[in-house]
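By letter and in written order, the chains are A, B, C and D; residue numbering begins at 1 in each of them.
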Amino acid sequence: MLEQAVIYTFVALVLIGGGLAAFSRQILYAIIGLGISLLGLAGLFLNLGSPFVAAMQVLIYIGGITVAIVFAMMLSIAMSIRPPNPDARKLGFAIACAVIFFGAVAHLIRGAQFQQIASPASEKAWSVGALGHALLTHYNVVFEALSLVLLLAIIGAILIARKA
Amino acid sequence: MTLEAYLLVGAALFSLGLIGALSHRNLIALLIGIELMMNAASLNLMAFNRFVVTDPTTGQIFVLIIIGLAAAEVAIFLSIILRIYRAYHDIDAEKLTKLSG
Amino acid sequence: MPLLSSILLTPVITLIILLLMPQKAVRGIRLICAFSGLLTCVLSLQLWMGYDPTSGGIQFEEIIPWVSAIGISYHLGVDGFGVILVMLNSIVYFTGVLTMWDLEDRVKEYFAFMVLLVIGVFGVFMSLDLFFFFFFYEIAVVPMYPLILIWGSGNRAYAGMKLMLFLLAGSALLFPGLLAIYHHAGLNTFDIIALSAHTFDPQFQIFVYPFIYIGFGVLAGLFPFHGWSPTGHVAAPSAVSMLHAGVLMKLGAFGILTVGIRLLPEGAAYWAPTFVVLAVIGIIYGAYVAMRQTDFKFVIGFSSVSHMGIVLLGLNLAVLGSVAATDALNGAVFQMFAHGIMTALFFSTAGYIYDKSHSKTIADFGGLGAQMPRAVSIFIVAGLCGAGLPGLASFWAELLVFLAALKTYPIAGVIVILGLVLTAVYILRVFNQAFFGAPNPKWENLKAQDMSGLHLIPRAILIAVLVIFGFVPRLMLDLINSTTVAFLGNF
Amino acid sequence: MDTLSLILLTTISPLACFIIAIIFLVQQPRAAQGLVLFGSAISLLSAIGLLVQGPVEPLRFLWFQSGAIQLQFGFILDGASLMFGVVVAFITACIMLYSVGYMAHDPGKTRYFALLSFFAWSMLSFVYAVDLLQSFIFWELVGLSSFFLIGFWFEKPEAAGAARKAFLMTRVGDVGLFIGILLILQLVSNFDIPSLLDPQTGLSTQVSPGILNAITLLIFIGIMGKSAQFPLHTWLPDAMEGPTPVSALLHSATMVAAGVFLMIRLHPLFMAAQDTALIVLSIATFTAILASTIAMVDTDIKKVLAYSSISQLGFMLMALAAGSLFAGVFHLITHAVFKALLFLCSGIYIHAYHTNSMAEIGRSGGRRLKATTLGLIIGGAALSGVPPLAGFWSKEEIFAQLGHNGFNIYMAGAFLAAFLTAYYTFRMIFLITKPDQAPASDHSHPEPLNMKAPVLILTLGAIVLGFFGSNIAQGLGLIPQHHSVILMISAVGVVILGILIAYFDYGRDNAPRTGFISKIAPLDTLFTNKWYIDDIYRVTIVAITHALSRILHWIENHVLDGNYDRFGLGILRTGAKSTRVQGGWMQLYLGWAIILLAVVALYLGLQ
């Protein structure tokens, strides 16, 4: 029961944060919304049985990315500047798209038949060790490639952002 | 919570991200929308990982990769935003029309 | 070396050489083109001589399978019509190169496009494979746009665009029609000969034929889809107008003949009465509209509409299977040739006058005959041929078509024969307003620039062809007749 | 020499001269002139040679084959073509000789002589043609060369206009002729004249009388155009804008004669078609009177002669339609001679005094040109039918034929026309020889010998030719009509009456110098205005053609082209509208992409 309540809290966090991020005209509020949403998501991950990913989510996303966005915002616009007036047509179009998309996906999800496994795999298979093992054996090419991408992104970001 | 419920939450999150990405003119707000959509995808992957897949490492690694990529993407994106700001003193997506004919 | 491939490859090789030549070697480029034109003329003459009219039918066949999965092969071959049209194209190509001898602006590109056009035309006249037929057809159509746009005059952007859109719209009709034929036959082949052996369902024929007829008809100046032709001809440089009105418009008629009538005879017969009406309207309409034009080339353009109407009339009369079918088809094919040479002469000369005076407006001149007697005389010869004067080639063609018309649809026959008077009216109007009357002092400077030497050669060739076939029609008619008999025998 | 080479020499030598002159001798007018004269002489000699040899079987060569149609071109060498061929060659030669003087100072001399040669070639080939289509070809070429010669001085807008009018009007007739011969072709798949005329197997035996009437009537429309019969006659007077020798040639032996000669060629067909013959007879009679009345009041010497030609052509066609081949041929030949003579005379006057007005010529001292005036009087008398000159005999023959077949109304018409002819001819003569005031001073050019010689030769011809009637009839294989004395006397009486009235009006001292017709004002106005025929054409056919072309031009620009343009612009506009989709607003793309994705997903999901 409590568990259910916790999960719904997380879901609520995700959606409220997402709504804040989507509809807020103030960038700072949007970033805060993003953070809330990500936090809720991390909770859901935890709930889905993956503490490691949840931790990573908090560390990298909330700790890294969100903060980086805040920095970028502070470097680019003064926080006191009022954002431009909302464009009703644009917003309407966006909402219409979202509604159509959500309707379609929801319809699909409700109609879909998933071949669910009877019970979750063993605790061992969910361990960080197993994850690390898989990452360095089966997925090592992806892992290396990702490292390379990150490296390049960093170099690229520096190159782009430095003063000409 | 069932798989369907997680998927619906993911879809909702994605839709919110979509609204964010489509309705804002501020580049940072766009980025936030995109991040939300990526996270919705992550949620889906995690949910499938939990309810469908026999080897639970797969989905987690996918999500980790997404997170890594998101980091890279954000780094680039933010540096571009800074660059644009320096060039235009604005980060309004609709004012960046130099390439349009 | 097989003859047809040699003819086709001559311009191809010319094109390659042209592309490899330096931009500045203007003289060399001209010489190479002229040589290749002459070579195609010689080879075409050999083809003409080598074609055996007693056996008729398709000769000089060459087949190389290409994409066997869907039945495409490189299949060349000509019947008597093909021989004549190949000859026509060679003559117009050669004289066209000579006509543009003085071109100074982007010579290499100009000739490259022109040769590309020629390749396409040759290809269409020789192809016996629907795929290649359409392929070459498009090759022939596409270079028109840059040619008009870059080297044209007047409202060239509009004209080029209009021409292109009309022709592509025609192709758009054509392509599904061709595919439908391929698909419906179910023989898994694009080969025209093989397809012509197949009997298509009459309902299908009736449905598809208009696509083919109108699709090709657009290129042949079919009323009411002729709008592109005068505009395009006016804007195009002389040699392009020559090739275009002289040869390219025949592609349309040839396409109707080889694809439409050969493959879908019953559809053709079903639609013929309708299209006869359109052709007759086109003949009369073109003549009337030509009467009011203020621009030389517009007059010629509308006269082309009128004259191509005769070709279309002949084609439609031929499919009705009446006693006059032979005459109608003979006349139509003869008219293709005669009109080709005649319009080439027209545009070549009108182009010359334009080049020297930079005016195409009829009212601008007046008494030009005193200032440029040679150019004007040549224009008059072309004009008289247009008016169907005996002794010049088109007389015979018109005679045969009119005869068939009179036999099949007497009223239509009388109307088109009365059209001869209209033709005379608009031609004489040009003569009187531009060439006769008091000389306009504005053009005194042209006195020294009358045609001479090299300029006379292409025009002399064209006139000679007109006169020779005007007085000795048998030279060509025997060839046409043998093919016509074989062609109509298949019905 | 054998017949083939003679006939080829006759017909081809003018063509060869034309080609050589027009291509190589443009810069050497004297050489061109010499060459053309030489060619004409050869042509004349060989034509005479052919005549001497006498009629032979036609020569034929396969020329054209299409389906069932097989045409053999060649030469027909019967009496009519042999005799008329000589006349054509002879008159052409005379006129060329004359032109040497007349055109001596014209810059376009080469072109002139080359065209004359071309003219001679086409006319001779027409005369000898064995195939109807071959005839038609050269018939058209005759028309073409007239076009060029009438418009020879093309810098003059009037000349160019007259040339165009001539071409178009004859073209209208030719269309009728063309339809007629195409009808023949589709009925019998053959154009060979001898076999068409064959009494046993010819055309008249193969088709119903109605169709035969239709065919001959269509052919007659062509003749109407060429031989300037009402209502297609108005081009001929305008054609006077050409050089006078050209008018002489046009009016005597070539252009207008072609029409009559075609009728001579196809005479049996016309005889078989009774209704057509009657129509021809009426039109010809009417034309003869109509043209004479206009000639009565015109002041321009060439116009008078032109109308007189129209009227005389009417006479010939009357004769032919009434059934006498001989009378037609005879009058054609005599008329060719004296009309050429009259034109050449008028040419000398015009050359000398630079005026076309008869009164002016008289005042300037026209009668001082002795040889010319003699030619004018003899020619005029021959034209009026004064015995025993050429015109008298041939006209006599026509009256006889009309009387013989009982065409009394037409005979009355013919008498009226003959009376008018005598009147206007002598009006012309008196106006020139008896001017109202004595000529002040003589500043005329002398008559050059090369202009005088042809005049004298033709004068001689006009005097003696009448006596060769029986030879001509023999050449045609016919017997002339027996002349009735009463008819002869009345014919002479009519002529004398005409001359007397002309004398009363113009010739005597203190003559009023106005025609008797001026007392009847409405008729005078009618005649002076040429019966308003040109004006009627202007407000009807010409106006209709212009209106139609204007309407269709408007349709082309506004309905057809306009709508194509509108269509194209519409596409452009929708294109412009739809490019907003690609406005660089990436969020829009993304939105659409998502929607599309959703739709596709739904579609796949529903399957």
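In the analysis below, a residue touches a chain if its C-beta (ideal position, glycine included) is under 8 Å from a C-beta of that chain, and two chains touch if they have at least 3 such contacts.
All values reported here derive from a predicted model rather than from experimental measurement.
Q: In the touch network of chains, how many steps separate subunit A from subunit C on the shortest route?
A: Shortest path length, in steps: 2.
Q: More C-beta pairs touching across which pair, A-B or A-D?
A: Contact tally favours A-B.
Q: Averaged over CA atoms, how far is the centre of subunit A from the centre of subunit B? Could you give it in whole Å?
A: Centre separation, subunit A to subunit B: 7 Å.
Q: Compute the distance, rounded to whole Å, between the mean C-alpha positions of subunit A and subunit D.
A: Between these chains, centre-to-centre, one finds 101 Å.
Q: Determine the centre-to-centre distance between subunit B and subunit D, using the mean Cα coordinates as centres, and give it in whole Å.
A: Spacing between the chain centres: roughly 95 Å.
Q: Could you put a whole-Å number on the gap between the CA centroids of subunit B and subunit C?
A: 62
Q: Pull out every residue in subunit A that's touching 2 or more other chains.
A: 90, 93-94, 97, 101, 105
Q: Got the subunit B residues that touch at least 2 other chains?
A: 18, 21-23
Q: If I count partner chains per residue in subunit D, which residues reach a count of at least 2?
A: Where subunit D meets two or more other chains at a single residue, that happens at 587, 591, 594.
Q: Strictly by the criterion at the top, what is the full list of touching chain pairs?
A: Those chain pairs which touch are A-B, A-D, B-D, C-D.
Q: Under the stated contact criterion, what part of subunit D meets subunit C in this complex?
A: 62-69, 133, 136-138, 140-141, 144, 151, 154-157, 159-161, 163-164, 167-168, 171-172, 174-175, 178-179, 182-183, 185-186, 545-546, 548-550, 552-553, 556, 560-561, 564, 568
Q: If we count contacts the way the header does, which residues on subunit A are in touch with subunit D in the complex?
A: 90, 93-94, 97, 100-101, 103-105, 107-108, 111-112
Q: Give the list of subunit B residues in touch with subunit D in this complex.
A: So the residues of subunit B touching subunit D come out as 18, 21-23, 30, 93-94, 97, 99-100.
Q: Using the touch definition up top, name the residues of subunit A that touch subunit B in the complex.
A: Those in contact with subunit B are residues 4, 7, 11, 14-15, 18-19, 21-23, 27, 30-31, 33-34, 37-38, 41, 44-45, 47-50, 52-53, 56-57, 60-61, 64-65, 68-69, 71-73, 75-77, 83-84, 86-87, 90-91, 93-95, 97-99, 101-102, 105-106, 109-110, 114-117, 120-121, 125-126, 130-131, 133-135, 139, 142, 146, 149-150, 152-154, 156-158, 160-161, 163.
Q: Flag every residue of subunit C that touches subunit D in the complex, lowest number first.
A: 161-162, 165-166, 224, 227, 231, 285, 288-289, 291-293, 323-327, 330-331, 367, 369-370, 384, 389-391, 395-396, 399-400, 402-403, 406-407, 413-414, 417-418, 420-422, 424-425, 428-429, 431-432, 435-439, 472-474, 477-478, 480-481, 484-485
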